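When the chains are written out, they are named A, B, C, D, E and F in that same order, and each has its own residue count from 1.
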Amino acid sequence: MNSVWINELTWENVREYLNEDDLVIIPVGSTEQHGPAGPLGVDCYAAIAIAEDAAVKTNVLVTPPLWFSDSPHHLEFPGTISLKPETLINVIKDIVHSLERNGFKKFLIVNGHKGTNIPALTIACRELQQYELPNIRMALTDPLYLCTNASEVKGDNAEHHAGVLEISHVMYKFPGLVKESELPDEEVELHKVFDNYIKKDLFGGNKPVVELFWNSYQQKEFAPNGSFSASNNSSAVTGKHYHDNMVNNLVAFIKWFKTYNI
Amino acid sequence: MNSVWINELTWENVREYLNEDDLVIIPVGSTEQHGPAGPLGVDCYAAIAIAEDAAVKTNVLVTPPLWFSDSPHHLEFPGTISLKPETLINVIKDIVHSLERNGFKKFLIVNGHKGTNIPALTIACRELQQYELPNIRMALTDPLYLCTNASEVKGDNAEHHAGVLEISHVMYKFPGLVKESELPDEEVELHKVFDNYIKKDLFGGNKPVVELFWNSYQQKEFAPNGSFSASNNSSAVTGKHYHDNMVNNLVAFIKWFKTYNI
Amino acid sequence: MNSVWINELTWENVREYLNEDDLVIIPVGSTEQHGPAGPLGVDCYAAIAIAEDAAVKTNVLVTPPLWFSDSPHHLEFPGTISLKPETLINVIKDIVHSLERNGFKKFLIVNGHKGTNIPALTIACRELQQYELPNIRMALTDPLYLCTNASEVKGDNAEHHAGVLEISHVMYKFPGLVKESELPDEEVELHKVFDNYIKKDLFGGNKPVVELFWNSYQQKEFAPNGSFSASNNSSAVTGKHYHDNMVNNLVAFIKWFKTYNI
Amino acid sequence: MNSVWINELTWENVREYLNEDDLVIIPVGSTEQHGPAGPLGVDCYAAIAIAEDAAVKTNVLVTPPLWFSDSPHHLEFPGTISLKPETLINVIKDIVHSLERNGFKKFLIVNGHKGTNIPALTIACRELQQYELPNIRMALTDPLYLCTNASEVKGDNAEHHAGVLEISHVMYKFPGLVKESELPDEEVELHKVFDNYIKKDLFGGNKPVVELFWNSYQQKEFAPNGSFSASNNSSAVTGKHYHDNMVNNLVAFIKWFKTYNI
Amino acid sequence: MNSVWINELTWENVREYLNEDDLVIIPVGSTEQHGPAGPLGVDCYAAIAIAEDAAVKTNVLVTPPLWFSDSPHHLEFPGTISLKPETLINVIKDIVHSLERNGFKKFLIVNGHKGTNIPALTIACRELQQYELPNIRMALTDPLYLCTNASEVKGDNAEHHAGVLEISHVMYKFPGLVKESELPDEEVELHKVFDNYIKKDLFGGNKPVVELFWNSYQQKEFAPNGSFSASNNSSAVTGKHYHDNMVNNLVAFIKWFKTYNI
Amino acid sequence: MNSVWINELTWENVREYLNEDDLVIIPVGSTEQHGPAGPLGVDCYAAIAIAEDAAVKTNVLVTPPLWFSDSPHHLEFPGTISLKPETLINVIKDIVHSLERNGFKKFLIVNGHKGTNIPALTIACRELQQYELPNIRMALTDPLYLCTNASEVKGDNAEHHAGVLEISHVMYKFPGLVKESELPDEEVELHKVFDNYIKKDLFGGNKPVVELFWNSYQQKEFAPNGSFSASNNSSAVTGKHYHDNMVNNLVAFIKWFKTYNI
């Protein structure tokens, strides 16, 4: 196959693939503000980069990316586009139903948008596998799960929205899109807003005893430039460490998932 | 007030409460198999017990419990009742809209059903606070978050579905409902099914790099008696340690949440 | 079986029951104001009491109660919680689908909330039996149908919302929950609002030639304390007469329903 | 106005009417089998006839009829067309929202289809008046409510589906549409199917203590020719008595409804 | 058969028809302003007239008409009734599902409402034939397609909403319903509003390079009397030429459609 | 601005744009088979190419593309992904609502997928502008409308699915993606299937008098390789003529649309 991207192949290429394999990756991004320096497409670039590199190493196909997903709390920032959870669930279901008809059986969603998308994507996966297509197998991942070297890569930076890791990721894989001169050197003091009821760092620390939710009006107040994190230490090198670790973890999973038959 | 339960009060009692406070707890349980020894109501008993005791200590009101929620993977076990995620979301929304009309502003969902409910409940909370009632504040908790002493209480037992902690909880608060002679002494070897792609223990260990989903047909295969955990070490004493820790954590949160005004 | 309540049983208890019978009762209540003396849970207490006593006498199982249903016209009274009709329909459908999977075939909804719930429950029953699960059999009842001795029990009291019968019912089965000192001694003169276009008494008289609807804003005007009825003659003795009559009628039906095979 | 039917008027005619009045009638029929002699449109003819004659006598406008509604249990009989309850609810809501925009405030649904439609129409009325347009006033009627002389008109005939009254009604108002030679002279013995759990006559007798539902597969079994009633005594004269009584009752209501302002 | 209208037949008549044929026509109209002279029912009269005459000539059955459909941009004009597209789609689906159960296989929608209805009707047709009932065959027509002699019949009049052709059609088939003295002699200068981005005439000229949409607020501004067209040249003779051409074209299609078996 | 693509900009870039303009382009593609030579992404490549080039020439912003839309009749061909119309409508609505919050007022959908998408996109545009956001202005275009030089560019080739024009378009703008050696030299004889009831060429000829629909099962029969058209004459030069004409037409429209204020 000349490409892992279904959009670059003919239907006969896909038919040929299905003679030998039945796994497909669905990259899900977002169009959502990422502070004064990050482009609105950060999450989709992350999903594209991870999905593509893991697919190439494992010879699996990838659907075109979904550029829109569930981003309600960023809606006060121009350019942000948020799908309602129900819409996102239905998009995923329609994609899976379409592909299942002709022989795909294993679906791996590579989410680049972190936690906000997880509930809708989880519901889509569970309803598909339980009620609609019980013979398929769904899997879901995200940088929050895939990255197992966060603390060593980012050092002391607390990684929250628009943090060093995701900004560095874009710098490494999509050079030129980050406005490096605008990278903020201060983080939002989230504990002043949420006390202990927020995770200290997206990649580490325990879940708080209660989960709080905030909306876009609140967020615009406590994070007026859109970034939660200091990201002035971002670099393509950091991005590469972060990326390679995730791709390696994903490649290992895909190899196992190909053999999974329960 | 003679009771924290709204169903035991008159509307004038509630009006009086609203003159001074605006917080309400919504306990969400399930009706779902809990192995050969646990009653189908385990999760709702958990939510009721935690909500009631925390409410009494903080003088807040509690709605009647929701006995049904999202339990698809238990559907091969007779007596299990599962709401579709969309139904559950709408029940929560209708409850919150009804109460908000007359003055409630802070809503604390105490889920007793663990992770399976979290996506639907999260979507309900986020949509309510973002799109529908931006002046309310939603909070969500669950034993998975509230319990901060799991390992010391349960020792080496791996806590999965129908584990020592939740079984002991019922033994402590609702004596007589657990069939103690049927408590299983073996756990399901989940790693044989999911390799490393499942959490070692619901209350500890890292999230795996990819989340896998299973349906009721698979679960009936790999956990034929319905329990994932050995729970023969369960006891009312263990239940009390587990319960008191959670109630204390929740009481501390409620006190803070009353003051939260962002 | 130690209990008729599914939530108190294990899934193996339910499986055992299904070896011999296939009927289940679903009690549906509400959380809705019942005047200055009645607790908000009146309707659910009614459904629980009737369902439980009839189930014990006929050895059938009962699901946990649904504490929330369709109560729009009470929404100006704090503590009232109303599900949209569509939500209520979906809850009933999800309950029935879940139970039907493992062998239940006959479903008896015991509504405690009177007429307001009937449209949504009827639609759920009809759609289930026609379009979704044509082999099941649905039945629906309510105090409005079950009580055949209303006039002899309540005497001249016109029974409308929060009337002598339903208040007495709670006094008999759940002593302590009615604030007896607040029982109103006046009824709302409904004919001043609706002329002849309202039933004289919920348990008697002809349907008017046209049905009128009112919303919560209107109701708050014409029934400012929430009760439509004088209920100061309520008593546990009256409640017992009312209750026993309904349970006897329901027991007779259940016995017949077990034999119904058309 | 030359016509009471909105479809026969120009929008300027309607605007003129709204300068003086704000009430409109919505006739709702069905397309559903009515036995070997009754045309499929019986219920719509009933709604049209009642609505038109009452409208002419009170100078109110009528929307075009809705020829389709909720008829699930007749679906085994060719030509029957049934809307799902949700569809019917939405049609009614869309009609009312459209008309309310330009000044209509009072909506009177004249249902010709009897009980099966009542749940969906009731939900539409209640949701419109409670949640969507609280300043409108909804009213709903049907031959089951409007006819107050049933027993004197029909004598001993038990009136069920396709009974003497509704057949006679068509003979009187739409002569030629009933195949008189095919009028059945036997009724279905409903008590053999439903014991006492069915009303003895649609226009008389008490509601049974439990409501049972049946689907089209059952109905085709117990009423193979589609009629439940003997209707060979039908006549235009009977139809006139039935019709005039209903129109008179409706005219009285409309006059009162025009003055209703609560 | 005495009639082509299903509502005038018994179910046994329909069963008999299904022994020999399986095609049915569904006429779809609207209730929507048609300027100062046209009645609100113009589109439904068109659908009824075309469907009936073509059905009589080809011996096929016709369902009762749907008097309501998608008319949003006319909503500022009293009497207009608009269904939401989703409602209209569901009505069509429910009609088709009902009829398909007993043997209808070919469904021909005769829309009288022109372009505004086409999207919803198209979606209904496509979803039915693709996802829900793949063995049925759907066809859709409208005066915009059926009329092949527009320019010779209407001469130089630009035909837009409430134009000479549709007004003449009503004058021919439903004499007395058009207020002839009010027929406007001026057309709206649509190009002043939409430049070249609107079709010059509904029956001729190329589609513009971009489609613009307008809502009822805009339309009330640029077409304050509701008509877009000069229609003072309308006549029953013109209506007959227009009608006969459409019926002939439809008859030819129906004959072919009966033989279509792919 | 360095880019017209919102995903490549920061939210502050977008805010700056909104100080001066309020128009945005939404490119909508599909992932759908395009015969043995065309990649599955043809339609999205078309939308991207047209949108980008017109945006650059007019200094307007473009959202990321939507890669999935309504393609039901291609579902038998592996790799095709089809959204249900309702899903597509909701995606468009969510995108527009998100952007409207912060100041966008004019939305131009550039569809690359031709006619199949038009119904859903039209409904989205009309509902948004009528019911949800009456102050916005929606516009919709597609190669079917935009291309005004089709016959001179493609000569005698009948352009249907996967025809010379759209294949050449990809060859010009995305060289390397078309498998040129597989370009079919025969077209499907559509008139054998649909007689005269199909357009002779997507870019020319009259609409037939009735529209027929076909599903994926039928299409797989009559067009087994997925292409309807002979496309072996495709070339980058042809693609350039086609593309430039469309971009010029779109640029002219955008300039006019910026001034449109009705």
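Operating definition for what follows: contacts are C-beta pairs under 8 Å (C-beta built on N, C-alpha and C of every residue); 3 or more make two chains touch, one makes a residue touch a chain.
Predicted, not measured: the structure shown is a model, and the values here were computed from it.
Within the list A-F, C-D or D-E, E-F finds its counterpart interface, over half of the contact pairs alike by residue number, in C-D. For the pair subunit B and subunit E, the distance between C-alpha centroids works out to 56 Å. The mean-CA centres of subunit B and subunit C are about 28 angstrom from one another, to the nearest whole unit.
Put simply, the C-alpha centre of subunit C and that of subunit E have 48 angstrom between them.
Looking at subunit D, residues 75, 84, 86 sit in touch with two or more other chains. If you sketch which chains touch which, the chains form one closed loop in which each chain touches exactly two neighbours. Starting at subunit D and stepping first to subunit E, the touching chains follow one another round the ring as D, E, F, A, B, C. Across the complex, subunit D is touched by residues 72-73, 75, 84-86, 108, 116, 118-120, 122-123, 125-127, 129-131, 134, 137-141, 144-146, 148, 193, 195, 197, 207-218, 221-222, 249-250, 252-253, 256-257, 262 of subunit C.
On the subunit A side of its complex with subunit F, the touching residues are 5-15, 18, 31, 33-41, 44, 63-68, 75-84, 86-87, 90-91, 94-95, 98-99, 101-103, 177, 179, 182, 226.
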